[in-house]
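Notes to accompany the following structure.
Letters A, B, C, D, E and F mark the chains in the order given here, with residues in each chain numbered from 1 onward.
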Amino acid sequence: MRSVVYPGSFDPVTNGHTDLISRAARLFDRVVVAVAQDTGKVTTFSSEERVALVRASVEHIDNVEVVAFSGLLVEFARMLQVRVIMRGLRAVSDFEYEFQLAGMNRRMAPDIETLFLTPAETYSYISSSLVREIARLHGDVSAFVSPQVVAALKERFG
Amino acid sequence: MRSVVYPGSFDPVTNGHTDLISRAARLFDRVVVAVAQDTGKVTTFSSEERVALVRASVEHIDNVEVVAFSGLLVEFARMLQVRVIMRGLRAVSDFEYEFQLAGMNRRMAPDIETLFLTPAETYSYISSSLVREIARLHGDVSAFVSPQVVAALKERFG
Amino acid sequence: MRSVVYPGSFDPVTNGHTDLISRAARLFDRVVVAVAQDTGKVTTFSSEERVALVRASVEHIDNVEVVAFSGLLVEFARMLQVRVIMRGLRAVSDFEYEFQLAGMNRRMAPDIETLFLTPAETYSYISSSLVREIARLHGDVSAFVSPQVVAALKERFG
Amino acid sequence: MRSVVYPGSFDPVTNGHTDLISRAARLFDRVVVAVAQDTGKVTTFSSEERVALVRASVEHIDNVEVVAFSGLLVEFARMLQVRVIMRGLRAVSDFEYEFQLAGMNRRMAPDIETLFLTPAETYSYISSSLVREIARLHGDVSAFVSPQVVAALKERFG
Amino acid sequence: MRSVVYPGSFDPVTNGHTDLISRAARLFDRVVVAVAQDTGKVTTFSSEERVALVRASVEHIDNVEVVAFSGLLVEFARMLQVRVIMRGLRAVSDFEYEFQLAGMNRRMAPDIETLFLTPAETYSYISSSLVREIARLHGDVSAFVSPQVVAALKERFG
Amino acid sequence: MRSVVYPGSFDPVTNGHTDLISRAARLFDRVVVAVAQDTGKVTTFSSEERVALVRASVEHIDNVEVVAFSGLLVEFARMLQVRVIMRGLRAVSDFEYEFQLAGMNRRMAPDIETLFLTPAETYSYISSSLVREIARLHGDVSAFVSPQVVAALKERFG
């Protein structure tokens, strides 16, 4: 069985993430969405909330699991016996950071491969940080995230 | 009457910003410089100070107004009945962030267009954050900002 | 009356170009699409054909003129008494070339300003060269160009 | 059975290509290396030679086939009943072109997905065009390509 | 005697930094590694610790000195009577920030030149921030930093 | 004696090249400008003309020599007993190509180092290819190249 792990902070999950997950679900038998508990930053949502929002956004896709993880991604992937990490690429700045991350992960775990997918172009400009910024200013984010995330952002930013 | 809004945090306004404003003032009947009150970050200058420093730097240009705004930019533009947002592009990293921002603004307000100008190449390397950093270390920033901003930075960083 | 000139080789015009032209037509009183007769390269269509195809693609927009030009763009703009050049930005590589071009044009004609627009994200990946390549291999390009251009490409590549 | 097609001009195949093929061969049951017969450019090696050189470079990998193809890649992939295209990403300029190509392919064939892998960093600077350039100037390319390609380049450039 | 100053925060020094220092030591008679005391951010290691770790990593190279500095780099370089600043370039995002920095330094000190070196490709993906992140999550960083830095990170992150 | 070689096609030399040469001449005892005889492309000027135009542009700088070379740059550098190659960096696209080139040169000649300088920002947008393009269209290039090059371009393009 071919599995892939898709890690991220998902603070919150966007339609761009969901698009990538559904693409991965067609390519692999099993997609594990791995929500980082400890992102090294203050998050808008707790890891439990972030997991719950990803789950609500992908519940229509059969072969997807959503779990929280802590510690190093490559060790988590090994524990799951998954040899493939998936990352999304939207833009050049994504690419550079991802290249560094993939390079260091490859050195720590040469048996694990990182592959990249691009979202549909209609999602190419969506980022979690801009979604949070718009929600903080009480803008309408319903074109960028699922209804559950809209509700959660409204509750958070009043 | 053709109007344009030029938003930013202007913390502080630089000669690069002023160059862009004077270019816009030749292309449009009215330029509204919109200073974000709430930038989501700790700023070196208060929004009142930032507005005052922009005003001092552009007082020689007739068709420019400087105002503070809060909330979403596209809603502020609509309130002003302005259909055009101007942003400066200096570098590739500018471009990527601006592309995301323009994409999300376009989705929220399809009637509002974002256009981009580049500063004179002699200003292409100036950024507010590097100006603050140099001033913090007591360097001479008089080649990068107006005399009023030089004075304000000196007072701030002692 | 505010006018803008939008130069290019348009070999052939794509839906991305048409999107930019319609955006410009809302911002300016008059849009002059300037088709370069001499692009310095072998073109798939003659300049007459390229002009005709742009005209067919924008005939529904009132305030647009399509003309061929030869020689330097900034001199053509001056002859038209147009002070604004518009260029599209899709990607980082666009930006770099455009930055060079805008810089040299600004030095030759400081009175003429270059401004940039981005196409709708759904057109962000379309380029004339990829359209030609797909048509050369007898692929279906009807999602990327107007019906007239589809027909012209079919005739050209058999 | 999971299959992937890896298209390119391979003029000639480099150690960077071979590295990507061996990575793909671990992720997929079957890797089809698709050598473009008609690249739209003058090539140094004929398509038969390019196929033969790829074959010689990957003969130690079991689940790899090397074939020539003409026409549109997405149609070739469909004929093979392969739903996944693999492309290598070394640098930002790669990314931009690949993003355009993937966007246009996705529009023409929404059922086919493009995924990206990065070569080991030790191959990140190798390109077929620089290899050809060095060989043309009689430099030693044995660190960049297989012994068979070294021999073929020597014969070609004397 | 030709001297160069290599400034940075070195929080902590990586094998990529050490590679650049040893390259500089072959090009110049004297290399001054200048560790910024005040980086404007919270650092993982104090400036004394960062200086000590750089020293431990370069003790095998004769013509290298490691010193802490505060204030503006160009003034520090002048005080040392050094006219050349060296910076490393790994990636596009490095390049943009460095271009801004070099531009502003050149304006403040036209007599001082900034030159750039690239690390060996095997170090091109290493960054201090990713090293800190991996160490924080108790990953093995011994492939990226010297044994002394491994020990210091272990002590810091427990 | 510290020497550096600055290679290029210089078709034709621009004020940006001359700026870099004069910067190098202050950092090194001897600067060898190496004009590639065989650039792999059709050039506007012969290698003799290109050498003569570079010489005319740098005759006011004492420690500069201008020579034509053929074959591999690293072998030419070794023959000159020069261990340092200098290249200019204006933009991101420069950087990527230069990174590839430096990587391959380093593999072929680990004893030779490549270093990079940036031109003054006022020259950052000038490229030989745009200069040729403007001259071909009979535009005024006197702000971008030396008087000798202006004359040579006029003669060439009539």
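The rule is short, and it goes like this: a contact is a pair of C-beta atoms (placed from the backbone, for glycine too) under 8 Å apart; a residue touches a chain by one contact, two chains touch by 3 or more.
Computed from a predicted structure; not experimentally measured.
**Student:** Can you name the chains that touch subunit E as well as subunit F?
**Tutor:** Joint contacts, listed by label: B, D.
**Student:** In the chain contact graph, what is the shortest path length, in steps, from subunit C to subunit D?
**Tutor:** 1
**Student:** Counting residue numbers used by both copies over all numbers at the interface, does the subunit A-subunit C contact come out same (over half shared) or different (under half)?
**Tutor:** same
**Student:** Using the touch rule from the top, work out which pair, B-F or D-F, shares more C-beta pairs.
**Tutor:** D-F
**Student:** Taking each chain's centre as the mean of its CA atoms, which one is farthest from the centre of subunit B?
**Tutor:** Comparing chain centres, D lies farthest from subunit B.
**Student:** Quick one: report the Å distance separating subunit B from subunit C, using the average Cα coordinate of each chain.
**Tutor:** Chain centres of subunit B and subunit C, defined by C-alpha means, are spaced 30 Å apart.
**Student:** Please report how many Å separate the Cα centroid of subunit C from that of subunit F, as a whole number.
**Tutor:** Here the centre of subunit F sits 33 Å away from the centre of subunit C.
**Student:** Would you pick out the residues of subunit A that each touch at least 2 other chains?
**Tutor:** In subunit A, the residues touching two or more other chains are 92-93, 96, 99, 102-103, 121, 124-125.
**Student:** Every touching chain pair, please?
**Tutor:** The set of touching chain pairs is A-B, A-C, A-D, A-E, B-C, B-E, B-F, C-D, C-F, D-E, D-F, E-F.
**Student:** Where on subunit D is subunit C touching in the complex?
**Tutor:** 38, 40, 70-72, 74-75, 92-93, 96, 99-104, 107-108
**Student:** Touching residues of subunit B toward subunit E in the complex: what are they?
**Tutor:** Those residues of subunit B that touch subunit E are 91-93, 124-127, 130, 133-134, 136-140, 143-144.
**Student:** Going by the contact rule at the top, pick out the subunit B residues touching subunit C in the complex.
**Tutor:** 2, 23, 26-27, 83-84, 89, 92, 95-96, 99, 102-103, 106, 113-118, 120-121
**Student:** Which positions of subunit C touch subunit A when the two form their complex?
**Tutor:** So the residues of subunit C in touch with subunit A come to 92, 121-122, 124-125.
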